[in-house]
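This is the structure I want to talk about, given as structure tokens.
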Amino acid sequence: MDTSLLYLIDLFGTAVFAISGVLLAGRLRMDPFGVIVLAGVTAIGGGTMRDIALGATPVFWIRNTTYLWDILITSVLTMLIVRKPKRIAWWILPVCDAIGLAVFVGIGVDKSLAYQDSSFVAIIMGVLTGCGGGIIRDMLAREIPMVLRSEVYATACIIGGLFHTLALYLGYSSSVALLSCISATLIIRLGAIRWHLSLPIFALNR
Amino acid sequence: MDTSLLYLIDLFGTAVFAISGVLLAGRLRMDPFGVIVLAGVTAIGGGTMRDIALGATPVFWIRNTTYLWDILITSVLTMLIVRKPKRIAWWILPVCDAIGLAVFVGIGVDKSLAYQDSSFVAIIMGVLTGCGGGIIRDMLAREIPMVLRSEVYATACIIGGLFHTLALYLGYSSSVALLSCISATLIIRLGAIRWHLSLPIFALNR
Amino acid sequence: MDTSLLYLIDLFGTAVFAISGVLLAGRLRMDPFGVIVLAGVTAIGGGTMRDIALGATPVFWIRNTTYLWDILITSVLTMLIVRKPKRIAWWILPVCDAIGLAVFVGIGVDKSLAYQDSSFVAIIMGVLTGCGGGIIRDMLAREIPMVLRSEVYATACIIGGLFHTLALYLGYSSSVALLSCISATLIIRLGAIRWHLSLPIFALNR
């Protein structure tokens, strides 16, 4: 996969995740600074935790501040434009989010394999990159993280990570592995959105 | 203390902490992935924060993935087996938890002294290793961390850490210091469970 | 600015932030250990996140434990002395907090510029150092972080950071830049307290 294309999709995913933070903030009656913080945390929280756990510091957005400008501009524009979220077709955000998610997982697996060898750890880092920001966003907003409760969200990331590491294990190039990870995550996630797939819930009787 | 015995108890403590995460998740109606995340966060959250603060990155479970397999297998088995937590004798989990806690505190103090010299910091790292995972678990589950509210839990860790550093200060070997830390933490915690000991609560009249 | 004076104000800010943690804990009926944890998190949480993101580990309070003693002594004294917070004049805590905040922002910007070059990142690190502890404190206490919701709090930090980096850009010495940052943050924050300034809230109609 072309590196510059991947980078562009990464910036697109960052922007989409930032928008999801802005929209949540809009329901919580935050001031503009709070909105931007929530947008930023959603967009770069996962990658930040990945880099910190790997010891890849300073974290990625300190090395390349384009991500910060991306978030700032996206957030300000979203605040200026969006007044009636109902007018947006319901499927636009989830589909963009799925694209961002898929790219984040692929980048997370890829980057972690540059720092250590374990496929297990690489898959965890992919999931963390994809889901971590949303988890912090929900914790800040005092909600039990949606990711942990339902829908095939994190599961899509895990399967994407499995495709990635399996492809590498079978000898495919890192571009092919990355592409298979992104495709698998995206397809599963889009299917889950389309058909409202959820895993069965684990509940204990007390 | 025999290193391999300590390692085995460490893996046992990790498993027990994972089970406590699974049981909490079962009350929150999470999907299986959410359950495993909550189990993992409880089991390795404290040690992860310790390693990150010390700069001991990549963190311990990236260097040795046995901890991850331990958590994964324990969580899946717990989900398959446990249906009626009421049938488990009430004291089994707290006692196992106390064993895990005591070992985690000892390991936390021990490891931090390999990275810096202060006994004060070492005790904090012991408490963080023992209590940190439970604190993140409760935050994810949207509860005020139990550790901070009552029972002689963190207090047992602090006293264990004091024993550890005092023994080293008095010239005992690191094995003896570790053993005294684990014993002190365990005995105090078991006593607190048996006699329902709590510290007096600090409350302000307003 | 005299380094030793800055260090003293830093310790003063740490103590004031610790007191704000103790007072919140007093409303939540925590045990003394929980109180000290909440105090510590409030006082050093922001700087800790800054150091971790920058890769400046071990974090500052591991390198210099004076901060820890500062928090411990302040927290214990506050628990012993304060019984009726109503008797304290209402403006004393916010004004002390503003002083601590201003110094923390200046130190955060200053320290981050020793590790990387971007002014954008430096301002974020200033805001993180000033506001991060309060955000973790509120998350532990299960409240939506106050900082994100209203009052010109983080905004004061951002403007302070802008003054700091602008002064450096214009060729002033780092002492002058630091002083302008601290002054700007302090004046804006005191003004916001005095006249109850808030930014307009961003709210979405659904």
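Going by the order they are written in, the chains are A, B and C; count residues from 1 in each one.
We adopt the following convention: contacts are C-beta pairs under 8 Å (C-beta built on N, C-alpha and C of every residue); 3 or more make two chains touch, one makes a residue touch a chain.
Each chain and its UniProt protein: A, B, C = TRIC cation channel family protein.
Only a predicted model underlies this, so the values are computations on that prediction, with no experimental measurement involved.
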{"item": "Arrangement of touching chains [line / ring / star / complete / other]", "value": "complete"}
{"item": "Angle of rotation relating subunit B to subunit C [CA atoms, steps of 5 degrees]", "value": "120"}
{"item": "Between subunit A and subunit C, centroid-to-centroid distance (C-alpha), Å", "value": "30"}
{"item": "Overlap residues in subunit C, where contacts from two or more other chains coincide", "value": "52, 57, 139, 142"}
{"item": "Of all residues in subunit A, those that touch subunit B in their complex", "value": "52-55, 57, 115-116, 118, 120-121, 124, 135, 139, 142-145, 147-151, 154-155, 158, 198-206"}
{"item": "Footprint of subunit C on subunit A - complex, ascending", "value": "23, 25-35, 37-38, 48, 52, 57-59, 61-63, 65, 68-69, 79, 82-86, 139-142"}
